[in-house]
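Structure record follows, encoded as structure tokens.
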Amino acid sequence: MTMVQALNAGLRAAMGADPAVMILGEDVGRLGGVFRVTDGLQAEFGEDRVLDTPLSESGIVGTAIGLAMRGYRPVCEIQFDGFVFPAFNQLVSQLAKLRYRSAGALSLPVTVRIPFGGGIGAVEHHSESPEAYFAHTAGLRVVACSNPQDAYVMVQQSIAGDDPVIFLEPKRRYWEKAPVDRAAAADPLHAARVARAGTDVTVVAYGPMVRTCLDAAAVAEGEGMSLAVIDLRTLSPLDLQPVLDSVRSTGRLVVVHEAPSNCSLSAEIAAQVTEEAFFSLAAPVLRVTGYDIPYPPSRFEAAYLPDLDRILDAVDRSRAY
Amino acid sequence: MTMVQALNAGLRAAMGADPAVMILGEDVGRLGGVFRVTDGLQAEFGEDRVLDTPLSESGIVGTAIGLAMRGYRPVCEIQFDGFVFPAFNQLVSQLAKLRYRSAGALSLPVTVRIPFGGGIGAVEHHSESPEAYFAHTAGLRVVACSNPQDAYVMVQQSIAGDDPVIFLEPKRRYWEKAPVDRAAAADPLHAARVARAGTDVTVVAYGPMVRTCLDAAAVAEGEGMSLAVIDLRTLSPLDLQPVLDSVRSTGRLVVVHEAPSNCSLSAEIAAQVTEEAFFSLAAPVLRVTGYDIPYPPSRFEAAYLPDLDRILDAVDRSRAY
Amino acid sequence: MPASPVSRVAATGDLRIVGQAGSEALVQLLTPEGERVDHPDYVVDAPAERLQSLYRDMVLARRVDEEGTALQRQGQLGLWASLRGQEAAQVGSARALMADDMAFPTYREHAVVLCRGVDAVQIMAIFRGLTHGGWDPHRFGLAPYSIVIGSQALHAVGYALGVQRDAARARGPARPAGQTTGSPVAVAYFGDGAASQGEVNEAFVWAGVYNAPVVFFCQNNQWAISQPAERQTRVPLYRRADGFGFPGVRVDGNDVLAVLAVTLSALQRARDGGGPTLIEAFTYRIGAHTTADDATRYRSLAEVETWKLKDPLERVKAFLHRKQLADPAFFEQVGAESDALAARLRRKCLGMADPPALAMFDHVYAGEHPPLRRQRAHLAAYLDSSPDPGEVPR
Amino acid sequence: MPASPVSRVAATGDLRIVGQAGSEALVQLLTPEGERVDHPDYVVDAPAERLQSLYRDMVLARRVDEEGTALQRQGQLGLWASLRGQEAAQVGSARALMADDMAFPTYREHAVVLCRGVDAVQIMAIFRGLTHGGWDPHRFGLAPYSIVIGSQALHAVGYALGVQRDAARARGPARPAGQTTGSPVAVAYFGDGAASQGEVNEAFVWAGVYNAPVVFFCQNNQWAISQPAERQTRVPLYRRADGFGFPGVRVDGNDVLAVLAVTLSALQRARDGGGPTLIEAFTYRIGAHTTADDATRYRSLAEVETWKLKDPLERVKAFLHRKQLADPAFFEQVGAESDALAARLRRKCLGMADPPALAMFDHVYAGEHPPLRRQRAHLAAYLDSSPDPGEVPR
């Protein structure tokens, strides 16, 4: 099934399992969401549990907090990455901090789903990668799925947990298909995953770039080079153990994401891996990222987004050290 | 004079030099700001130019954008760091992007002053260090002053520039005194500064932590250790040249800030310095930062904030590699 | 079309009120001189015990407030936000609440905290810097103090939406739409300044659209730090509700009886499925914004003196005296109680030990968080290895 | 107290209008059947040439819109947001503006763009993904399209505050407060959905408090993607203004004459120092939200058909015909003009070349930015060294 279908199935399962689970967002009900991730859920679970909201992101997150205080487990949909900022105050100063503020008396099991990233030829504000803002915010958890199986499992895990989760969905991968095994044993939510084993250079990515890195690894294999690809899955807390394990054998690391580089996830990963595996590194950690510009008009995105070539170029540069 | 007085003098000079300069914020007029940074400016320049605003941060930044489009050079005051988030949407999606969106037709010379950081025993939301959010945002410039002389000069430079600037003022240093030479030749706004030369370990900081690092360097000197201290001054764009120059001779770098560490400035600096000076480094870049928790109640802040001891501990650890 | 006035009958134990929001004038039942006046829309019949107990609440609240200011002056607290002048607004509204209602207060609602049954020591712990919160919101029906202005209004609406859903779930699918009689109500407290925040206005949008059982209780104390209320609106604040489709009412915020009546009536309306109400309690901040503020820089002493004449405690006292609804023994007893409370508070406050540093890592997350565990362990090791706190560094 | 109606006389060349906001009913001057009706508050006298030119504007706007949809279908544009049904609201309001007024549009205001004198090709360039903006806001009195819903309302207010200050500076310190006759006005365009955004409501706060020369022009087209307007408010949107202390007026948004009259009157009020007005143009989005939307999932065809009967172009055409204010030659000429515009647009659009990749680094900052310079150089070197774009990677 597609990732959209997998997410839909995951949400349906979560709602079926726990009557406290609610969905709220713009156009999530009758329309089923602009990407149809919530398709059919309102018809199945009722207007009370799948709530079409006013056009107000701060309202979506703010009322979700109140609902959580009343015992609900709200799942918020932010329509596109670029529209999460009106909710920023509620996310950073309220959702992230209310458990701490109440000395543990309040639980905030709120999942905030955000379709993120570029590559779909969209207009401004529809292709952004805001994950670093959230990873920098203590009190939040941040995860990104990269394939239908993970999407199906991780969205349920996020909803089931008692902490707020920013759940990032790689919209350019929404329509890619893969089998989903609903009964498969699942990794914990906050565990990175070795997507492909390899011995020459380690490549780390998450969300939309995992597929791109796997493609790069396939090409590299044809050229006699063995890339390990690690799908981070969890951006906060980071799980760098598989990365460190791999780097200790490859000695080389390339980190890939779409977001601009300044103070990004790749910076954090480079800093931590270098600190932990200093003597294992044969080359500095190299970063393949979006540029430090606003997301450009879509005709530029092929040049803006990390692609197979830029990844392999970084791999080459790493090996040249 | 104190840093508050230096900022006040800098703002007065900027307003005197250019009638397009305006100040807007909560309580900036009659009261002169809760820290008195704008003291006397409304009396001197009139209510039209020093505007007491409604309690609405998004309004402050949003109307400043409109004023800039009409040819003004607004200086916004956000009362405390923790209250900048209601304005986040205007800052990130509007102020940072409108020049780009208009293909260069619009100029947004807006300075957003934010008293930031902890150490003053305040209640929640009054001690935060949000700089990474802004440094991660392309289209913004971000600077932090550490002493009265820089405060005086940098606030004028920020106002005079044609780009939006997030101007961070270390509130715990507001009342520290130092002479200000109004006629002194000034560094460019976006240049880091060697605050103290040294040969054993390089220490980088900005804003409130510069004084702490200089104190640590003084203690270290007593122990026969020579620390170079670099005051970053500019967080976006970063000016890492003085850091690289120093690291190429010391081989060791410690980065210090109050903000939580995940995806922070210290991550970026560690990543970049390691990439640029890989073979010069005798030890990984070490980071002394706030913990990845919400800013704690004030009775914890002595343990939360990097202090002289924690800095010297990191220096020792660096030297132990 | 002005928001249509809806008649409600609210009863709480001894008190019977027939009230309706939507009238134009300030609702007042007790003048500053302590005269009982009638109001066409709020017909209230309150026995002596109720008036005594409201008076007592206000005296105790004022005493806690005075103690807070004193403790701050003596360096025992980092800051104090005084409620002086707003006792009637807070006590009158908080005493209208049922135990299972949920109040969402700001940093100034100390009297609300007391009325909800929380020990005043908990407030001191916040301003002493020991905790950001502390009481259990579920146990007391009281959310943590909100410091980011206006942010709590949406939480109240969300809570109210939850209540709506609970009622629907309890009643099953066949419930008549909108009827939630007897179920809890959420009350959002905020100030005149907060009315300018986008989030508060979004809360109005949501409350109107979903007909949420929520009461917006705005204490217009005339000032937001140095900004007079005219810097937030050019028409009376209670009128803001009109444009969102629910009633607004302005009540004399220094008249505890009127506040109680208006709040009870709004709560009943919400319980009956009538949706939200905005109450503007017209009052005054007698003190500075906080102990860190110098109010003489921006407002006249004359203004403050005028408002002191409208003191919320004095008018009840005068009324109780004049009508012989309380004897000197009552006033003596309240005085003694308040002395005891102050003494206890001071003793407890001075006795509060600083928490161990490592406790700052608690309650950030519910679940496991390895990086935080490592940071905590790192600090623990560091603290073990470092010299006594008293020593000069290194 | 409803916001007090204020009479204004507005004149623009051939047109004389006496109007006042604040009346209860929908303002209409031309019925869907093309009958001219009187309105007590807006007495309008419009010559034939004016009606013809408004009609022409609407025809051209509709044609541009149709071309946009067609080009998107053919893969030439990434997306198109159709204005169909809203021609009168946009043309009527935009034609009320003076050259030095400043409009702040959303992604759907194509007719406003045309009326401000911008080449329609510039709109295509945005939806083709070549640029985020493009026209010079200063030259055309038109800010860039705003996509983040509601964000532009505060910019309009800020611009208006700037105008206020310019006037004060020009007139010197002795000016009578609030008088700014003749100076520009800022106009914020937004939709029914946007009215739920906090920022829009903050814009109302600021506009009211500072009496800013701004007009809020809300096109209530009944839908925000799949959400009906009742999901944003339970009372008519124009009433929102009441609570912020300025007049709101609801106008038939499919009646170009009424929109023109109401907007002119509101602009004049702002120019005279009378402050802000909220205009709710009651209209309908005939098409889907955008070409990416499937409106059949959430609304009935019957509803759309009903609104088609209220077409903004047809009623003017009928009126012109019936009153013999335009001859067949006029309609023919407008048709020919519209054909030519469409052909030109299509030709230009197909001819738009992709920009060089390195241009994406332009206009991020005004000043020097070394890291960006390095990133640009790095990409340049990489592009130089990499294989032809046509080749299979590596």
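Just so it is clear, A, B, C and D label the chains in written order, and each chain counts residues from 1 on its own.
Just so it is clear, a residue touches a chain if its C-beta (ideal position, glycine included) is under 8 Å from a C-beta of that chain, and two chains touch if they have at least 3 such contacts.
Since this is a predicted model, take the numbers as computed values, not measurements.
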Contact distance in steps, from subunit A to subunit B: 1
Partner chains shared by subunit B and subunit D (touch criterion as defined above): A, C
Chain at maximum distance from subunit B, centres defined as averaged CA atoms: D
Distance between the centres, which are taken as Cα means, of subunit D and subunit C, whole angstrom: 43
Subunit B and subunit C, separation of their C-alpha mean positions in angstrom: 36
Separation of mean Cα positions, subunit C and subunit A [Å, integer]: 40
Contacts with 2+ other chains: residues of subunit D: 131-132, 148, 196-199, 202, 205, 209, 231-232, 364, 371-372
Overlap residues in subunit B, where contacts from two or more other chains coincide: 53-54, 56, 58-59, 82, 85-86, 89, 93, 97, 100-101, 124-125, 138-139, 238, 262, 291-294
Contact graph of the chains (line, ring, star, complete, other): complete
Contact set on subunit D toward subunit A in their complex: 78-79, 107, 126-132, 147-150, 193-194, 196-199, 224-227, 231-232, 292-293, 297-298, 354-355, 357, 359-361, 364, 371-372, 375-376, 379, 382-383, 386, 393-394
Contact footprint of subunit A on subunit B as seen in their complex: 82, 85-86, 88-89, 92-93, 96-97, 100-101, 124-125, 132-133, 135-136, 138-139, 236, 238, 260-268, 270-272, 274-275, 278, 283-287, 291-294, 321
Touching residues (chain side subunit B, partner subunit D) in the complex: 19, 22, 48-49, 51, 53-54, 56, 58-59, 61-72, 89-90, 93-94, 97-107, 138-139, 141, 161-163, 190, 237-239
Subunit B-facing residues of subunit D, complex: 102, 131-138, 143-144, 148, 151, 153-163, 165-166, 168-169, 186, 198-199, 202-203, 205-206, 209, 362-372
Footprint of subunit C on subunit B - complex, ascending: 26-27, 29-32, 34, 52-56, 58-59, 82-83, 85-86, 121-125, 219, 223, 262, 291-294, 296-300, 302-304, 307-310, 312-313
